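Everything below concerns the one structure shown next.
Chain nomenclature is as follows: A, B, C and D, assigned in order of appearance, with residue numbering initiated at 1 for each chain independently.
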Amino acid sequence: MRLLEWEAKSVFRDYGIPVPEGRVASTPGEARIIAEEIDRPVAVKAQIPVGGRGKAGGILFAETPEEAEEAAGRLLGSRVRGVEVKEVLVERRLALEGELYLGVAVDRGSRAYTALATSEGGVEIEEVAARTPERIIRLTIDPLEGLRPHHARWLVKQIGLVGRRMLEAADILLRLYRLAVEMDAELTEINPLALTPEGLTAADARLNVDDNALFRHRDLLERFGGSELLGLTQREREARRLGLTYVELDGEIGVIGNGAGLTMATLDTVQLYGGRPANFLDLGGGAPADRVEAAVSFLLTDPKVEALFINILGGITRCDDVARGIIAARERAGAWKPVVVRMIGTREEEGRRLLEEAGIHCLDSMEEAAERVVSLIGGR
Amino acid sequence: MRMVRFVDAETRAVVQGITGRQGRFHTRLMLEYGTKIVAGVTPGKGGETVEGVPVYDTVAEALDRHQVDASIIFVPAPYAPDAVYEALDAELNPIVVITEGIPLRDEMEMVARAMRRGITIVGPNTPGVIKVGECKLGIMPARVFTRGRVGVISRSGTLTYEIADHISRIGLGESTCVGLGGDPITGLDFIDALRWFEEDPETEAVVLIGEIGGDAEERAADFIAEGGFTKPAVAYIAGRTAKPGKRMGHAGAIIQGSRGTAQSKMEALEAAGVSVAERPSDVARLLKALLG
Amino acid sequence: MRLLEWEAKSVFRDYGIPVPEGRVASTPGEARIIAEEIDRPVAVKAQIPVGGRGKAGGILFAETPEEAEEAAGRLLGSRVRGVEVKEVLVERRLALEGELYLGVAVDRGSRAYTALATSEGGVEIEEVAARTPERIIRLTIDPLEGLRPHHARWLVKQIGLVGRRMLEAADILLRLYRLAVEMDAELTEINPLALTPEGLTAADARLNVDDNALFRHRDLLERFGGSELLGLTQREREARRLGLTYVELDGEIGVIGNGAGLTMATLDTVQLYGGRPANFLDLGGGAPADRVEAAVSFLLTDPKVEALFINILGGITRCDDVARGIIAARERAGAWKPVVVRMIGTREEEGRRLLEEAGIHCLDSMEEAAERVVSLIGGR
Amino acid sequence: MRMVRFVDAETRAVVQGITGRQGRFHTRLMLEYGTKIVAGVTPGKGGETVEGVPVYDTVAEALDRHQVDASIIFVPAPYAPDAVYEALDAELNPIVVITEGIPLRDEMEMVARAMRRGITIVGPNTPGVIKVGECKLGIMPARVFTRGRVGVISRSGTLTYEIADHISRIGLGESTCVGLGGDPITGLDFIDALRWFEEDPETEAVVLIGEIGGDAEERAADFIAEGGFTKPAVAYIAGRTAKPGKRMGHAGAIIQGSRGTAQSKMEALEAAGVSVAERPSDVARLLKALLG
């Protein structure tokens, strides 16, 4: 779950990390009122869950409340980097003396949180990593020890801070780490951490919460529940409501598999034979007939899907259940589409028999099936 | 360097979370396979039996009554870390964590505690580990495996079965197959497993089944390139069609920024001398060519 | 800081530990209202920070609101075990099927929290320890691992719980441990943990918070600030306001020392020579003249003090500062009392000179000085 | 069994919290005594000097520039545990924690982490440790000590000086004196220190200075009775006049229930063959009698 900037900043505030004065607005009028309250030049920032917003024109500056209203009017309802802007953050514009970066991220290799710092703030960390990797200072945090104040001081000294600023930045990093742990962050960043005459301030805020940990953060869902759907397509939102593990793609062949790896491999194989997958849809382990039915029905309603490829390797998943699900979906469907089924494993014979009786042919090999489905729609 | 322990015909295991639906079902299948499941644990259900296996309230009580080496865990995600700590306290090794959906923070702590004690965690979110024909400590369908010469290391479940099935059909068969798990944090990575297979006399070649996300495959490639693993190796990487920022089912299968693409992994492995398969069915053919 | 029962129960509630329905009352009328709300037989319990309250008549039972009012009237304002009762807890009387004990305490020997459990609840744990020590099950908790659910289950199984009750008790013990850690408890107990038809309930609650950790628990002081003074004498409260480390005793010789060990040894030596110390008063390290003055002046106002013994071994503490403090106190005092000063160490010569000039004689040996002060008031 | 390390003429130390009032004052006194204070640390004050000693922001920076063995900590209670972890990370040994008022929970964690790494914590709330005439890593007044034959282990500060003064005056002198600390939880207990003194060739007898609270003295008595310490020993216990439930200055000096009375401690020590002094001044006389 990726929080929007204003949501992340609200969590930052809970942890005592300094953020600029400001609030979120969903109408130009609200933006004007907030700018009046702040009574200083403001930044009006599109709230979207994707990076590169500044370059894409998603951040505007305003000297007066009238300008803030106008800027909000321009952003709200527009699309920035393909995402519709529904809210803007109106906040005090900072007097920047410099831009740093502080981050805490899960590092797979070391199986631990890593603290990251660089004096090259204000651009995406990936860009810094590509251009001047030596400017990024990393510190692996032992999960059983945590980030200690002296670690934090060491790290921020490496990016050139001394004296009071070092202590201030170390304190912010410690808070960011505590936030990461307590909020189950996959990634949290302050980029840029602005050097201003009044001290250090988180000019932007990023917080991606581990989806698997959301059961511990019901309050977060209550506070910010809606926005996590912002980055999703219409169909992805629909799939989420149905409880399906679904990612929308651009092609014409609807794909259903069981198991994430097998489903990915199925997409890859379809593409290898010249087809273009319309989606990723993983039934998971041991799907009952009604989940199969829901998945098939869901793909049938996608106008860009011209044919379906269902690839099942039965382990916990039973082929007869899958067959029943497919048949039920066809019975329910208004419009049927060509379907290729590849199905082996647990209760394979029973499943195949059911499908054959229903006039649906079943193949043994994934590659053969991929070739068949591509040929069905005439390749590309 | 990490010590890795897998399973064999001697391994005696406890099933934690044995009274749940999954636990019961797979206890039966593991027993059918010949795995020595000597006890089960579900707090509050002590005194029951599942498939003839006695159930205890705590692992400690199971150890009072039985010789136990290893554990397999089917406990739901919020409680799974505690089950792991209980197994660690009992010094069971390996600990196979089937559970899906454990938070990353818990996984990091779990793995750190296991490493400190020199105990192997297989998973989480793994199909488990099987020594073909001897011991299946996992949920993989027995049918696709035939005892043979190839070791399999995989981040994926069903894709492993798909590929193992081909390896079995082509007549090579498998020695030991281990699922690393589909999460970003797992107890083992490819390198840990490669070290084990390098020493395993029954393994003549290894298959690496990777997917998008992270850089475990790239690191494995470096390890192989540096001579850490010297037997023939074939790889398959899933997720060439994946879009950055979209999680492809597994929590671990996500391309973040420019990192973790299938392309990067395939190139690294090829550069390390690993044969990289285009399609799952090619894996067995490439192995056959390498092993003759 | 030892919390009163109702205060501890309020913290228990925060941690989800079941406690009986009830509230605190400081007038009989309030007690009646609470009993009416509960609408069941109630217990009316004196809120004092000392044990053995039940045997001393500090717990009364009432079938009706009228009886509750009357019981509260009897307890409020009375003294139970020497402490004035200012509040009573009125709570639902439990249907007891059995009484257990669960506790978490700092264990000095293992330098760790220890979880304790026994099926012999309802009496002081010390009594159980004396009578049937084998009935107390202990578990040392590794500070770097914490109490795990399986530890808790093991412990409560040892005291005979099985099935649902085992899970329930283990859950309560885990909460109690988390409370102990997060609230910096020196000791927290549920005694008895009542077995009732509705489940397990903390019939009584004890929570002693580490005084050194109170800087982390300002909220606790705000919620329950007043009651920590309940166990103190009038003069001890006064001393606390003055910032003095003071314990009141029964004798006639006021004692001031620097350092806890030396001050204790001074008391012991006075007693050895037949004197009776009126107090323990430790100046601590490096006391400035005004702290010495405050300490001397404070003891001078104690009517039972007949003579003062000031025992200083100067290290960080400077003898000249001490001398100035004594002289200033004398100048301020309405009534002076005989004073014996033993003073050696840092700036000894200067200090002695000042005292001699003021007509106060100074000795070298603590034993000699103790003998002198005892002889001054004519022994016992 | 715990490894204990104290100090000697070779010990080079860093002062954590050197720029505070106490840190400055005692840095001067330790330097005057001849202690090798090679660096100081106060975050944010890097670049300053105190009594000619260079100050750094972190211990790691001090280690980059100097050879350092040990640390003495004057940091205020809320920050003292972090200072200890910093010293532990730098593998300084011993770590002398002068700070008073550290919460118990922090002390338990600090001590557990030090034990795991085999590092000695002296204190907290200790006057420190002195090898008389060689190295004073603490706040004890130098004046009362004369190099000699008696080791001193104490839970109290000024009372130690009182008794050491007598031992010096009577002509025996002290070898090494260590303050265990006045808190309920300390890095060392009597037994740890007795083990060290048993092996110390310069120590011919030991004084134990105890007080009410806890059962460290009783456990030490058991240890001596079992033959763990074989040199002559004299003890003094403060707090015979103490009332149960009243804390006598030290956080550790409190009689809870029937446990931790002076009577119980004195009886246990006497039963173990330790000469127990009635008055502080008797300690030196008893030692003289034992050592001749």
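Basically, a residue touches a chain if its C-beta (ideal position, glycine included) is under 8 Å from a C-beta of that chain, and two chains touch if they have at least 3 such contacts.
Since we're looking at a predicted model, the values are computed, not measured.
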Minimum number of chain-to-chain contact steps, subunit A to subunit C: 2
Pair of chains joined by more contacts [C-beta pairs], C-D or B-C: C-D
Most distant chain from subunit B by Cα centroid: C
Whole-Å separation of chain centres (CA-atom averages), subunit B against subunit C: 55
Averaged-CA centre spacing for the pair subunit B and subunit A, given as whole angstrom: 27
Distance from subunit D to subunit B - Cα centre to Cα centre, in angstrom: 51
Residues of subunit D touching at least two other chains: none
Subunit C: positions in contact with at least two other chains: 144
Chain contact topology (line, ring, star, complete or other): ring
Interchain contacts, given as pairs of chains that touch: A-B, A-D, B-C, C-D
Interface residues, subunit C side, partner subunit B - complex: 145, 148-150, 153-154, 157, 162-164, 166-167, 170
For the subunit B and subunit C complex, residues of the former touching the latter: 43-44, 46, 57-60, 79, 82, 85-86, 89
Subunit B partner contacts - residues on subunit A that touch it in the complex: 50, 106, 108-109, 111-113, 124, 126, 130, 142-144, 181, 184, 186, 210-213, 215-216, 231, 245, 247, 249, 257-265, 267-272, 277, 280, 282, 284-285, 313-316, 344-346, 365-367
Of subunit D, residues touching subunit C in the complex: 25, 77-78, 101-105, 107-109, 111-113, 116, 127, 139-141, 143-144, 154-162, 165, 182-185, 189, 209, 211-212, 214-216, 219, 236, 238-243, 245-253, 257-259, 262, 278-281
